[in-house]
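The following pair of complexes shares a single chain, subunit A, combined with subunit B in the former and subunit C in the latter.
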Partner chain A sequence: MMKALQNKVTELFENGTITLMIGFRGVLDKFAIPVFITEVSQADQLIWTPACLNNLSVYLHKSEVKQVGKIGIIGNAGTLRSLLQLISENQLKELELTILTINEQNEVIVFASTEELEVYVQANCPAYNPEDQALVDKLNAMTREERWKYWTGQLSACVKCYACRAVCPMCYCSVCTVECNQPQWIKLSSETEGNLEWHIMRAMHLAGRCINCGECGRICPAGIPLQLLTVQMNQEIERAFGGKTGFSAKSGYALNTFKTEDKETFIR
Partner chain B sequence: MSQFEPKIVAFVCNWCTYAGADLAGTSRTNYESNVRIIRFPCTGRIDFMLLLKAFQNGADGIIVSGCHPNDCHYTSGNFHARRRWIVFKSLLDFMGFPTERITFSWVSAAEGSKWAELVDDVTDKIRHLGPFEDFNKLDYSLINQLNDEGLTE
Partner chain C sequence: MPLTRSKPKTKKHLSDNDYQMEQSLISSANLQAFFETLLQSGRIVVAPVLKQSGKVFFQPVQAYSEVATDYIQTAFSAKSVVFPKVETLFSFVRKDGEITLTDSLNRIPETVVWGLRPCDAAGFDYLTEFFLRENPDSYFKTRKEHTTLITFGCKEADNACFCTSVGLNPGNTTGSDILMTFMNEECYVEIMTEKGQQAVALAPSLFKASEVRQKDAFLAKPATRFSIDEIKDKIKHAYASAEWKQVSLGCFSCGACAFACPTCTCFDIQDEGTQDKGVRLRCWDACGFGMFTRHSSGHNPKNNQTERRRQRLMHKFNYSVDNLGIVSCVGCGRCIRVCPAHLNIFENILSVTKD
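Moving on to the complex of A and B:
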């Protein structure tokens, strides 16, 4: 399977389809190491294992990557869904992307069009991780006080390293609210109140855009299950307004549109 | 000790609720003086961060109010705001924040009496809930944990 992938990438380099390939080259501890391949001779470094969980689409926002133009990228389920969401947000317009994946039968797939990608994603990529779902259900069954204790306890460990932001393919604003200091919206120091604020803001800005790849929670050095917040948000949006994110290149954004018949129960 | 008087911050839109509150005033309606009104151009302008900042700065309760659906001065600001509130309230609920301290409402420019009633109701509710201390307690969460486990006694 890895040989097939390396051969495919070699072929793409040789026929000039790509000049940069973003993939993985090895596993360190339990984390796969991303690699940027610019020469055909390096194609034999590429690997594909179950540890290749990183969402590589996050690199497509870097200006030095964007300059290349002809980019090949290999994606797991989360990456493919985030690519669709980014296309729907008009973020990949100027790139000539060649999207690859490896399916359950260990075959290398090169998507010829966005439509093909949509069909594959709808058939093969689940919307939510069952483990996250179980945790969200457990939290929703708790009392309010228990949830407050759970989240303040978890978020008190946050060190505001913003790894959750760096790793998120949907967090691509060139200036983030946390960098605004006139006024200082989010406190700089790491204390629970400000941490809570940052994570509420992050979840709100990702609500209806997050594709639940789970990278934020996986990467968190404090081990906070951050992905649960956006899972809950997406499910609320699905329930209230309908529609799932990351399954179509035209999925839109629930919070920049509205229906006059939107229902709520709490406005008096 | 004097009775607890809640601080209520009201985020209201210029065109409907602010005018409604004005009407309540010019009609000489008596209502609770605990409310501090902040005027916004539209409910669509009321960022969720502002609500958090109000709580951080000592508010015990919040009212967010604007034009009824279909009455927005800017056609659709309140529809956008409604979606944002649905999502925001759900997030706060999920995180265990006491969302009963935030009251969302539609008050038109003609509803001076509804405004007075709303402020009275909210003030009454917050008076029963007591002061908002959840944020202040956070910095002492470790001590609280030790207390819970009976380790400080």
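Moving on to the complex of A and C:
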């Protein structure tokens, strides 16, 4: 399967479809590292294992990557869903993108169109991780005081390294609110209160846009299950407006669309 | 020519004091009693604790049962004991036109850090050089004076460990007040400083005198990735290497490596509060951030991740050698384990210094 992937990428380089391939290489046994292949001779570095967890779509925002031209990218379920969401938010327009994945039968798939990607994602990619769902249910069963204690406890460990923001494909603002310092909207110091402000803001900005890939929680150096915040917010949006994120290239997102027949009864 | 403000002076470790090193033994069973003695002495004891996430963090503990023993390395270093992630430098109140300043330094408690690795202790040694060499930083100095470091030699290493590549080893005593090495059912104790001696003196009956012992057979053997002398020489010419771009492409631009690192010292001064009441804070900063070197004009001399990654690696292996005479990477491997993209510092160093 790995050989098939390497052969396919070689073919894509040779027929001029791509000039850069974003994939994974293996190093230090347990890690799979994002790799940027620019020459066909490097294609044999590519691997595909259960350790290939990163959501590579975040690299498509990086100017050094964009400059390269024709980009190939291999996606796990989270990556494929975020690509759809990014397309729906008009973020990948100027890119010449070739999207690959490896299906359950270990076959290499190159998506010929966004529609094909939609069909594949709808059939193969889960909306929520069952483990996250179980934790969210557990939190929702708590009293408000218990939940407050849980989150203040968790977030006191945050050091504001902003790795959660850095790995999130939906966090693509060129200037983040925390970087606005005239005035300083969010405290820069990393103490419980300022940490709460930051994570609440992040969860709100991702409500109905997060595709629940879970990367923010998985990579958090402080071990905070941050994905639970955005999973919860997504489910609130789902309850209020319906629809799930990351399954369609045309969906937009609930908080940025309106219908003329909206009742607006909430305005008083 | 590297920019060197002053010629590096002869390195003077804080641990290189006049104290005559002593050796002793403590039984593994008595370790707990020693730990409890430290707690009972009123000192704050900071030790590694296993959290629900499966990661181990240094934090103040109340009982020996909280202390993690089965871990290779903590997720973050213990530098926050002497260089907190947020430190109040002073607070102020303005009332009826009068401003009152309150210094925060009179509240620093006596602290013991238990369960450091030898690389971590060497990291404290670098911090001491950095903060105290030229313009002594009173905040760091006071905290350091109130801190005792009790280190445990490493029985195990993983693939991210590379202390032997930077001139250290799993049994080095640099920076430690006490170094413990497990030898079967006993622990070999090297008391390196007066502070270490004071800690042992709290429960002298738990220790018995020992001859000097060879530790090697009881210590891990991490892979050596490069010769530090060669790297120190080659990296002087690595600034213009074309490899920097390749090694930094995966970087997400977060601060995880710098915040986990035992020797990263960058900070940002922030004022919080109102005109009438507030605090001045010192907060950790990281060269990975886009804001790191941005000028008020908007110009940023390190405007992309290639330049920022280069800054981080050059600082560890070249600039700190120019400025303080020390390589400021201790090979703990935290940046490799914590990096969301698993950027590998020793691999990167080898790439940019290859012929």
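Going forward, the second predicted complex is superposed on the first by the 252 of 268 C-alpha atoms of A that agree within 3 Å, B and C clash if a C-alpha of one lies under 4 Å from a C-alpha of the other, contacts with A are read in each partner's own complex, and residues count from 1 in each chain.
The definition used in the following text is that contacts are C-beta pairs under 8 Å (C-beta built on N, C-alpha and C of every residue); 3 or more make two chains touch, one makes a residue touch a chain.
In this text the structure is predicted, and so the values were computed from the model without any measurement.
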Superposition on subunit A - do subunit B and subunit C clash or fit: fit
Which superposed partner A:208 touches (first subunit B, second subunit C, both, neither): first
Partner chain(s) touched by A:179 [first = subunit B, second = subunit C, both, neither]: second
Touching partner for A:241 - first (subunit B), second (subunit C), both, neither: first
Which of subunit B and subunit C A:147 touches, first, second, both or neither: first
Which of subunit B and subunit C A:34 touches, first, second, both or neither: second
First (subunit B), second (subunit C), both or neither touched by A:191: both
First, second, both or neither for A:264, with subunit B first and subunit C second: first
Minimal inter-chain CA distance - subunit C and subunit B, angstrom: 8
Shared subunit A contacts, counted only where both subunit B and subunit C touch the same residue: 191
Contacting residues of subunit B [partner subunit A, same complex]: 48-49, 52, 56, 69-70, 76, 79-80, 82-98, 103-106, 118, 134-135, 138-139, 141-142, 145
Residues on subunit A engaged by subunit C in the complex (per definition of touch): 27-29, 31-36, 54, 58-59, 62-65, 157, 159-163, 165-167, 179, 184, 187-191, 215, 219, 221-225
Contact footprint of subunit B on subunit A as seen in their complex: 139-140, 142, 144-153, 156, 177, 185, 191-193, 196-197, 200-201, 203-204, 207-208, 229, 232-233, 236-237, 240-241, 254-256, 258-260, 262, 264, 266-268
List of subunit C residues in touch with subunit A within their complex: 51-55, 57, 75-76, 85-86, 159-160, 245-246, 249-250, 252-256, 258-260, 268, 270, 272, 281, 283-284, 286, 289-291, 304-306, 336, 338, 340-344, 347
